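For clarity, chains are labelled A, B, C and D in written order, and residue numbers in each chain start from 1.
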Amino acid sequence: MKNFVEIIQSSINDTLGSWIYLLPEISLAFIFILMIIADLFWAKRIKNLVAIIAVSGLFIVFLEVIDQFILIPPQGVVLFSAMIKLSTAAIWYKVLITISGLLVLLFSLRDFQLRNTEKGGSEYYSLVLVVTLGLNFMVMAQNLLMIYLSIEFVSVCSYILAAYLTGNKRSEESGMKYALFGAVASAVMLYGMSLLYGFTGTLDITNQAFYNGLASINLMSASVALLLTLAGLFFKISAFPMQVWVPDVYEGAPTPITAFLSVAPKVAGIALLITFIRAVNSGGSPSGSVFLASTENLLAALAIITMTIGNFSALWQTNVKRLMAYSAIGHSGFILMGVAAYSMTGQKAILFFLFVYALANIGAFLVIGYFSNVFHSEELEDYKGMGMKYPLVSVAMVIFLVSLTGLPPTAGFVGKFFIFSAAIEAYMLGGNVLLLIMVVFGVVNTVVSLFYYFKIPLNLYLRKAKTEISLDKGNLLFSVIIIVLALFTLFLGVFPNKLIGLINF
Amino acid sequence: MLNGIPLEHFVIVSAVLFSAGLFSVLSRKNAIMILIGIELMINAGILNLVVFGAFDKQKNEGQVFALFAIVLAAAGVAVALAIILNVYRQFKTVEPNQVEEMKY
Amino acid sequence: MQVESIKLIETQHITTVIGAALGALLLPLLSFLIIGFIKPRKSDWLSIFFSFVSFLLSVYCFINTWNSEIHHFTWQWLNTGVIKLNAGIKIDNLSSLMLVLVTLITTLVLIYSTEYMKGEKYYNRYFAHLSLFMFSMLGVVLADSLLLIYIFWELVGFSSYLLIGFWFDRDSAAAANKKAFIVNRIGDIAFFVGIMILFTQFRTLDLSALFGTAGKAGLIQQSVVENGMWKFVDVFGQAKTLDSWMLTAAGLCIFAGAVAKSAQFPLHVWLPDAMEGPTSVSSLIHAATMVAAGVYLTARVYPLFNPDALTVIASIGAFTAFMAATIALTQNDLKKVLAYSTISQLGFMIAALGIGAWQAALFHLVTHAFFKCLLFLGAGSVIHQLHHVQHKHHLDFDPQDMRLMGGLRKQMPVTYLVLLVASLSLAGLPLFSGFLSKDLILIGAWSGEKPGSTIVAVLLSVTSALTAFYIFRMIFKVFWAENRLQKTVENIDVSVHESGKSMTIPMVVLAIFSLFAAFSINPLHGTHSWIYEGLIVPLNSFSPKIQYMEFAESWVPIITVVLAVAMILVARFAYYKQKMTFLSKQSFLYKFSYNAWYFDKLYNSVIVKSVVLLANSIRWFDTNIVDGFVNGTASVVQSLSAIVDWIDRNIVDGFVNGIAALAGRLGNLIRGFQTGRVQQYMALGVFGLILIIVLSYIF
Amino acid sequence: MTLSILIFLPIAFMILVALLPSSLNHTFKYITLAVSIVQLIIAGFMYTHFNHSLPGVFNEQTFQFVEKHSWINLNLGTLGKLQIQYFLGVDGISIGLLILSAFVMAIAALASWEIKTNEKGYFCLFLLLNAAIMGVFSALDFFLFYIFYELMLLPLYFLIGIWGGARREYASIKFFLYTLLGSVFMLLVIIGLYFSVKDPVTGAHTFDMLSMMNPANYVQGSVFDIHSSTLLFGVSPRLLAFAVLFIAFAIKVPIVPLHTWLPDAHVEAPTPISIILAGVLLKIGGYGIIRICMGIFPDGAIYFSWVIGLIGVVSIIYGAMSALAASDLKRLIAYSSVSHMGFVLLGIASLTVEGISGAMFQMISHGVLSSMLFFLVGVIYNRVHDRDIANFRGLYSQMPTYSVFVFIAFFASLGLPGFSAFIAEAFSLIGAFNSNSIPRWMAVVGAVGILLGAAYFLWTLQRMFFGKTRFKGGEEWQSQLSDVNTREIIALSPMAVVALVLGIMPFLFFDMSNSAMVELVNSTLKSGSLHLETLSKLLN
């Protein structure tokens, strides 16, 4: 019974040693609890106390996350007996997630729908924090159990957030669709994981045994198991074939949540996907991975299909939120291009692209929220002539859309540029023509995306407002955030290496 | 081990479970039935985990995973039920196919 | 006159002669600018003064260069890459002669105009434009390189455009000047193509370099045609070869430019319409100077023409001469008669060049300039007077219609006399300048050995007979018999009186130049004329120059004179005594001639119409095919959904429309899966997965 | 510094205009005008300080007013470093166009007096556009070039779309999409290029056009390496790339059949924007073809010269014919632009010094003349809001001074000697006729285009300006159609003068560009034919 003791001791030491690296997550949990208590006792007396706690708390967490850059060694640290791995890349993703979380919180503060729910906001804020917590684990997870846990963690909370507006038909509907579809997705994923476990005998995907197990059995069954597992991830990053739920949910959910869902889970999902792909591809055998070609082709194909579906369907939308939903699908496609071009450039490109995308997308949704605060509508029709009435915000909107389309001098252009470069580089190295075709598709899709993105400026500026009703002024907080985001988008467009330079892993 | 029952049987059973669940998920009109179907699918996964876990004497990861899965499944279903309840309040139906305000 | 004794002066800087020439060239431009921008009150006398000074300067040039020196001033204009283009002035006998001719006639016409154009709304503009024309015409004369000639060539066309359209508010004038410019442009394009060919072969456009000067052989002469290639070895010793037909092409292209300017068949149609301009303008531009530019150009580039080209030139000239003469027979419009007579005479000159009678052609150019200008001015003074009548009594008749004239010789003696002189000169009777030049041409024609040269000779002789007829038809119709206008209006007195001094004096001057004395001591033979001797035929490697044959020299003059006199008598019978009538107005020949061989009809119906049609069809193509590549598909999709309609109206058309429509359809197809039913979503997801698995299994 | 000032001056003032309160509406146009004039002065300074003997084109040392700063540096990991520079400079090719742009922008600023609504937005966009244009002509880093190139689209989209005519939505998006379609594919070529090219000094992958022009800098076996026998979709990558770039730029020129955006854009755009479109934007196409397509892919330039020449000829005739059929004056002028830009392509295809100089000169001359023409259309449109040729008659007696300007503009653009267009067309034709790369008949057909030019311009004169005065609007129009005012004369005269001066003293331009042209043509022919040989060797 000697080794038993050793195991216990080692694992205990390991666990105790690991806590310090989880500072952000732990503090998130504490803040969560604190918020609940605060909600219970003082919420009545101090108005939106909870919100304040949430924002300030999340900001602290943000600082802690930044702090982790110094904390960890360059090659990263493996924690909790290889349950999670905290690497520089992971920290970057966490930074991105926390920032978007912060933005969404600020967003939510002034969203008229949320303020008018009978539930009140407090529960909502705590949930956002919890989702953030889950996402943080997602980007670090590298054990099937951990992956499953964190994904479910995020999902379940997201269902509630999506359906948060009780008494709002659309919100409820989106909640239900999200929940049911999500549940099925996770069930499928669970089944796939169980198979993987069966094939490899380990849950730790970075473990060499995992790869060997997969490589040893016949490719067919391995790919079945893998695909079933990946289904859950595709659901999170809204990639084909699990993108179907996106438009309805995004349209129905409260705008801040839509903004959040369109960015944060996608970031985490991509991070996780990369971990997964790396695990599958890191063949210890000198002949390289047996999956390399197949995964490359698979991802390229998925990228093409996804972006095509997203952009082309978006052509028809008249509801701005739904339009943005489809555009989100399209962007998943673009990101998948980066993943398909599996390389160092690819990962940097993806990270930068995600940053840019987050900025522009949240910005765009903020503007949508701003407008729906003003005239309670998300229909394209009602945007007519607003450009002249709200110049600043509209200009910002144009900047965001230009960035999403990927034209200079905005960050979006640089992002797309890097993604394309990564793909072409991968083509040059591997010579896989499918990648080249993928790039051509990407280019065509860029043009197509202009069709629908520019319907918004078209209505904002080129058309005259139907009714000359005098509208109340927009919200100051929103305008400030929007302007700041717009400026960032431009800045990163002109000086991308200010950010890219920092990213080194 | 497994009291002499060969592994294949378990795997087949779980596969059948999964398929049955999937079938009910896709075919049932009532949301509750869909949830039950989902449960079946999850259980198929859990069954697999437990069975495979039996061969992993050292860490028993399978069993652990199974426990977590059960808990999370319960949580997920609870939330789903709550949402369905709200939906019922709004739409006066629990048939997902009737709930289709947003489409195309 | 020996070529050797002429001294060639190549210079980079401005000598006195060059300075004088430059002055003669630039003064008119100056007066144009002054009138155009400063708008002085006495613009007419300003321009007359300037042109008179420029006349004196040209006389100075003439005296200093005639038969003594050739001045060639070059200045590097621009260089791109390997080629350097020079601009410069070349004054040899020909150009100095033309210089004097142009400046003299212009001055006279300007003086004449002061009365003729009196009271016009745009009086000043008239003088401005005339000065501009003078400038460009002198440019053509003085230019030393083909490109430069081309430039002034077009400017001449432009100023004539302005002058024809002087009464721009008349629709007919507006149409006429457009027609003139475009027809000329056709020639210009050909001219330019010719230039391009020469440039490709020789890398220079300098006249003296290309065609030789003062006995020095030019590059043309150095190039040779052997076994179907036109070879030329340049100074760097590298040989350039073009197909030999390129040589003919070059010649004919440049000649085509001349055809347009000198209103030769088939591009003659613009000249009659150009009579829409003031008569003074017609006299200067469309009789004396501009139309002669074509002949001048052909003479300048003469060495370029190989026998084939010369044959074409001769036949076109002869045909034009004949055709125009027949047309002139029946015209009732005073100016139209003169216009066609001009075309006919130019045909003479061109034909002369074609058959190799180079000197005769240019000689005829000079004499013709004087008497034809005079004819127009005389006609102008008649028209002017009738115009006054028309105004005085507010009558409505065409003051140019000969059918309404008659018996004017009493009322306008001076005009009558000068016109008579001019007509005799045109008809080619001895003692008049016309006789000298025209007979040289005829003699040349008759003494050509080339097969078919007899046809040319016959045509020309017939033409000269016809000329005598139609011009005297005019004389008799206008000045003899009784005043037919009086018969149309009984009660009013429509008698006219002689024009004023400033109109008659120029006419008299011109009349003097229409006599033989101005050109030759011997009234009966032109070969001793100083002009004839002064003009040296440029040597030419491609075609032999002609010898005048004895029998021709002796017989041709006599026959032509006899014919002419006979014709004059016939005309007298027909139009003064009215004893005889030839063709009834219904007869085909009459119609054919009266309608100018139906050329306008032909061109309008064939060429103009087809161009317009083509243009319209292209527009149709543009809007319906290129633009609406998928407007067809689009319309289908349109009916499908309102949103494609949005794309249709608001996004793109044409080619992009295709893509847009396809994209729209695809999008519609895809979003069709978004039924809003969550279970179908799940199904989609699962089937998607299965699909992928299957596919990954296949590949 | 000069070029940077030229580029960023407008941006600085754009910010200023954006910050000024809208109550100062009336001042904005003066600010804009002042900026343009300052730019014009700077351009003049550059012209005077420009050293004619330095060819530029391929050699960085012989570029002038060069500015080179490191801008974006990345470690790409697998493929080494990526280096993007802020690299500006001018040579004989770009200086003329740079000066032209400054000139045209000033004219356009003067024409902007007609803008009455929402001045702030208008002038901000105007200045932004101005900056972008200057940038395009002075950028020597492909990345930088692309950014400026795309940056032009947005302002134009809004300028046409907001201040445009009836069908402005359609016209603006159409313009945007056509150009974007071309440029996104260009982006792919750019990426391919920078992976293939290494900066000899730093050894990093670079966007420096000049490095791209030197075959020595290509990485062995990379896509665009001359010695690589890889085929893309069965075609040699270099030729494919040339085709892609050419189409991208040709859309801007524009060429038949990719021209349909132009008439709509011109007709719908407000006068100043039409001026900029015709005066500068079209030139960017030609500039791109000369500088980039020919410079980087000489083999393509030779290989495709026949096609380019054919396209040029077709455009000449086709545009002229369409102009002949146009009933809207502005549309007529738009199509005449298509026709005139055809000469640019013809000259480029000739691959002779005369031809390409002619093409460059045609761009300058057309820039001035088309600006003048559009300005003139704007004059009557602003008075009576009608442009239909059939609705005017006898304008000459109604507006004499205006008509004189029209005369000058028309005759200048139909190639009357003494004006710039004649020299330009003559040279491109002579070049084409001399060329070994394209057949002679192309030049001849091109010459016919000149004839058609005369036809449609003179016909318009006849229909609109001659004859008895008669307008559709009758008395009302009579009163509205006042002759040109001082501002308009101030704007028109310089254009007329420039056209005339360039026509009489073309050496003002040729001396400046000559050395560059010789350099360009010679090395294009040399290296291009070399590459083609290697290619043909590789392929069999």
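The definition used in the following text is that contacts are C-beta pairs under 8 Å (C-beta built on N, C-alpha and C of every residue); 3 or more make two chains touch, one makes a residue touch a chain.
The model shown is predicted, which means the values in this text are computed figures rather than measured ones.
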Contact-richer chain pair (by C-beta pairs counted) among A-C and A-B:
A-B
Most central chain by CA mean?
D
What is the distance, in whole Å, between the centres of subunit A and subunit C, each centre taken as the mean of its C-alpha atoms?
79
Centre-of-Cα separation between subunit B and subunit A, whole angstrom:
26
How many angstrom lie between the CA centroids of subunit A and subunit D, rounded to a whole number?
43
Mind checking the centre-to-centre distance between subunit B and subunit C? Centres are C-alpha means, answer in whole Å.
97
Using the touch definition from the top, which residues of subunit B touch two or more other chains?
25, 34, 96, 99-104
At which residue positions does subunit D touch at least two other chains?
169, 173, 177, 181
If I count partner chains per residue in subunit A, which residues reach a count of at least 2?
176-177, 180, 184, 188, 247-248, 316, 451, 458
Could you pull out which subunit C residues touch subunit D in their complex?
77-83, 147, 150-152, 154-155, 158, 165, 168-171, 173-175, 178, 181-182, 185-186, 189, 192-193, 196-197, 199-200, 611-612, 614-616, 618-619, 622, 626-627, 649-656
Residue numbers on subunit A that touch subunit C, as the complex places them:
176-177, 180-181, 184-185, 188, 220, 223-224, 227-228, 231, 235, 240-242, 244-245, 247-248, 294, 297-298, 301-302, 308-309, 312-316, 318, 448, 451, 458
Give the list of subunit C residues in touch with subunit B in this complex.
671-672, 674-679, 682-683, 686
Subunit B residues touching subunit C in their complex are 22, 25-26, 34, 96-97, 99-104
Please give the residue numbers of subunit A that touch subunit D in the complex, ascending.
343-345, 348, 388, 391, 398, 402, 407-409, 413, 417, 420-421, 424-425, 428-429, 436, 439-440, 443, 446-447, 450-451, 454, 457-458, 461-463, 495-497, 500-501, 504
